[in-house]
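Note that the chains take the letters A, B, C, D and E in the order they are written out, and that residue 1 is the start of every chain.
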């Protein structure tokens, strides 16, 4: 489940560093490699089933984007690692879907981990999917957990021939990260709409369920921040570190996506504080209603207890109760009761209870 | 709506970086360009309808301030961008009204985003409007979302011939930012007055509505801080970065507006903490009143329950209840009831309940 | 009012930077300039009414301390500015009494703003007064809002001939700041005494008023911190910046007053946290008392409701209620009632309610 | 007890720095030294009982890992210190099991302290065990408090001949730290599972016990953070300090375990905030239930008090109560009572109390 | 009183910087100077009554530790200052016992202020005593407020001839600071034991007094942190600043005491958070008990109110109430009452109220 706060990596603990074990949701789907190979004039798009089939792409002059759908098959990751001469730790991390977003520079390539987030309408929860990028000179490998991603726009632009900038692999990597971050905005919009709707509900008609929802959104915000916060540092380092794999022009674009990330974090913080204020509002409204209930009870008791007592007095069976014999006694007592009631009502009105 | 925490940018997500799409409130108004072109001795003021008409201004020796009212028309922004050779990301950001205040240095020009804030008396909410500035050597472009701004004072000073300092475009940019920040003070004054009024109300006559107002002000403070906080870093960088577009004299003035920003942020924090303390005060006052209600109830119940019980006893229909036959029994019971009542009242007075 | 969180500067907003407008409490008092002019052997003390009368002091070899009582008269500040060739922003700030404490270095002089604080016994509030210092080579100008300050000790020492160190204007400026900071200690002592008294009251006899007082002190602490916090940075920069106007010996003394400022900030934080803990204590004590009230009510109800019910049963008018006829029935019922009461009392005692 | 927040070091205080006194749980077990001595081709594994027996290992060319089970015997630590020429402070720290994780560089060796954590199923508490590492050129000493650790995987890999990297002592030290950190993940998984189970329980069936559990988990989180937080700085320094004992290849691996530590800290923070939100949820659910109870009470009282009063009125014994004589009076009163009841029920339904 | 949050320095404010006035508890005790003068082979220990008697110690080759018991006599401090040529600010600070722990480097000597803390069993409060150290080449002056300190261990070691390291005055200063910090551990142990005992009490038997205790411990923690926090920076600077008075070997030891200080601060933070969590637990347990009380009340009311009403109905005096005449009516009504009671009990049991 994407929603777990901590992903089981039990079988992993105690293993040697660099041991290749899949950590994540169980998955039986076949792994496919979607390749887009292009230069200024041509574009080829095809699907492979084994990393070894990509060998010739590595030496060609064109830009290659290899997208691996499924990070759960150890042998495939192993072959990929061998082919690209990846560090054992990178291979280990490709298999481990419970990574913190990070950037690691190795000789000749960069290893980047980010989180794709999707709002699942059915469970009303955010689903997390890990995206690993390996960026070298003319090659970009992207590894995701499942087929289906947020990169269709990028593919379209490649196909449509808008490839000037995309002729650099670093810019291609940037567009993928940009697409991921753009998707965060969609998520935030959706969450923010729901939170503002809840805010309205809070004022008009709070129910105990409102509270569970506030808790639910707080939880989602925690998850979101956990995914986005490290991205900030990642992008800041990508922008500033003097790595030859990142061109100056791309750095300008990275500054833009960095600004977006800060903007998203600001918004998360604002929503979190709004949720805290909403909780206060909710608790006070419960208290206010309890107050109303208590007032009603007190009102009723204060009016009827004295009356019942008076009735009780004249229900006593003493032989010598002279007033019982007078004809005007009954209406007098009823009248007295009315006066008491009236007096109490006036008293309560003056204390603003009615 | 200016008050939304997150602005919809749905149609934007997934598009290529630098794609020109308007993000913001729907707007059909015509876009106008107000130009003020001046040097030490002359000042021309006129209105244009297309950026291409400004072409000759770019090459003249005079200072030109071009104010674009309306950032929603993609073709206009596109023409402007072409004319000034702006980076695609700048053009994109001009159209996107959900930016975080920021400063970006490009070759030959600076791109600055700040937020104009206005308190809308009708909705009791802060309205945000984005102001983009493009500052180059003898040219300042300002792009706002709607006509109507806080720059009338600046225009007046230009017209009145107080133009010594304003002969530098960087100083002109500073005066615009200064006018925006000065307006924040007005906003804070208004909010602070309202909050202090609410504080008084809290002591004299708290209502459930008080609570909604506290929540409302907290929300406004969140929005305000979100708009002002990034300005601090922006101005700090504008002051310190060694950009030739900013003169030394202007840096002194930027230091002043930087101090104002810090002052505003301090005040926002103080007001936020005051609101938190007010919420505590409110909650406690509810609790205190609940306590009073409970005491009243308990008082009434404690006095009348025993009395009613006694009346009930002598209302029983046993044949052999000797006391029922004595003439003094009735007044004795009434007397006993009075004594019980008196005793309880004294007891409560000693426990400070009355 | 000194107690306002935000001072009105309405008429100011929109004006040109450097525009000279008084921002602060309305004030009609005449402005006087107290001059103390001294060297190692002589000391002259006199009062002037216009800055232009000071012209000859600027060129003399002696140290001059000019104290301006009243910052509300625009023409006086303007003359002063002209005479000393002050930057327009400094003149503007001299008139604006809603400044954040700050240090600004200009060519040939330093501009320092600090806040004098005084506890007003009548309103139980802290009154803020702005003190601006202009320090140049052999001249110190101090500008305060009203006559009456905390510098009598400094004046006394000058008159009494203890002038060795005071022959440097920077040391004189330090002694003024030191006097201001020393006064903060007095203020804190007074507040701390009152807060500790309130703490005692909280334990022995909390009233709803206690809560308002806690809120009041929190508010004062917010104001205090707002005034002192920026002083820390100001002094740190005064100590470290390599400005020739500040001598090495004076830096040692500035380190001392810097330590005092940190000490004051620590104490403010401690008092703030103490106030938070006191609020918790207060709220819990309310809750505890509510609990006691509820217990009393429940006790009374639990004892008398069953008894009243039994009495009610034997008050029914059925013709065939055999027990009504037995002579021992009445004492038996009374006895049963006593047993029920006793049983309930024992039950409550076992549950620690009595 | 491992669970104490502060470990007694009473007998220690006042002693000279470097005094050798055991600080920790009392322990009588015999101390053993497990030695694994290996090079590329051979591996010897044996057990010693006194550090002096290791003397020849120090001069050999092979890598030696000496694992000391039990840090409570002063003479053994003293012999070890003499043999390796350890600084007195290191010897002192080896005996003191209440250390903060730290890294100290001495001439020729590094001294590292980390905490092994284990979840004790019986007491539902985290048990802390101190692990000290002394790393020199071809030697690694590990000192733990009790036999039994998390290093069986490491031993297995050594025995199985996968020793390429492990031929460097720094890499061996890394694998031990990595095993410790991997175990933190297991702990977090277990805690996170329990906290999420508690979260479910909170929604379906909160009991007062739930609250104790929340408190218990908060306490565990405090302990956990206290153990992990300093590890972050430790690893960061190990990675960055230019100590010749740590090879470049190992630094890459340390970066990996550093990332894991950050990940763990993130998760701890997230769980802590989740616990805070759960507490809010719990408190509100109590409040909600109290509200329900109060409503029931008010409902019952509001319906039966007026009815009882009416019955009481017609139970009065006045001689002249004409309605008592009419045959339809009794059903009329019963009917009136039904109408009152119905009216109140409708009233409550309209106010959403039923 | 040591427990005051702010110490009166009233008479001090307004005085010239460097004015010698005692700030602290009033004290009449005679001041004594305990001198320990030693080199590798000899040790002399004697008591003096005036600083001037120490003059010859300053020029000797041996190490001298002069311990001044009592910082309240201005003339003594003045003589000491003259003798050692101390800066006026140092003399002022020696007399002022309300200092923040700090380190100040002067020409030829270091001035260090730390706080000795002692738990007073009688008042259950922490008592603070200021310790000032003046460290020069072969001389260490320590000034404390009262006789009686935590240095007996140090004296013993000097007497017993373990003086190798102690031949350096900087190491002697370190041992004094180390003794002070070791004493903090004792204090924390005691506080932590009491807090954990309170935690147990909280679960088994919370009383209103528990709350006062939590508040009391919070207050103590605030005081403790105020004393320890600045020590961290002090030691860090002592370790890193390149002052020739501190030898390299001593720096290693300072690193150790620095680590202890961090450890203490960590523990203080942990205890503070534990106290916050305990407060939450306490408040919830009050709420839970209030809930129980309310449930009891509601139960009783809900059962007896309907029954009393039924009894009331048959107590009405209508002439035509046919059921009153039937012999089976009375048992039938009693039976009906039993059924109602049973029904309600079952209803409550189903809602888990019983």
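Everything that follows uses one rule, which is that contacts are C-beta pairs under 8 Å (C-beta built on N, C-alpha and C of every residue); 3 or more make two chains touch, one makes a residue touch a chain.
This structure is a prediction, so every number in the text was calculated from the model and none was measured.
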item: Distance in touch steps, counted as few as possible, from chain A out to chain D; value: 1
item: Rotation angle superposing chain A onto its copy chain B by C-alpha atoms, nearest 5 degrees; value: 70
item: Distance between the centres, which are taken as Cα means, of chain C and chain A, whole angstrom; value: 42
item: Centroid distance [mean C-alpha coordinates] between chain E and chain D, Å; value: 26
item: Residues of chain E touching at least two other chains; value: 283, 287, 290, 294, 297, 301, 305, 308, 312, 315-317, 321
item: Circular arrangement of chains, read from chain D onward through chain E; value: D, E, C, B, A
item: Contacting residues of chain A [partner chain D, same complex]; value: 4-6, 8-10, 12-17, 87, 89, 93, 98-100, 102, 104, 106, 208, 211-212, 215, 218-219, 222-223, 226, 229-230, 279, 282-283, 286-287, 289-290, 293-294, 296-297, 300-301, 304-305, 307-308, 311-312, 314-317, 321, 324-327, 329-330, 333-334
item: Sites on chain E touched by chain D in the complex; value: 150, 152-154, 157, 162, 174-175, 178-179, 182-183, 185-186, 188-189, 192-193, 196, 203, 252-253, 255-256, 259, 262-263, 266-267, 270-271, 273-274, 277-278, 280-281, 283-285, 287-288, 290-291, 294-295, 297-298, 301-302, 305-306, 308-309, 312-313, 315-321
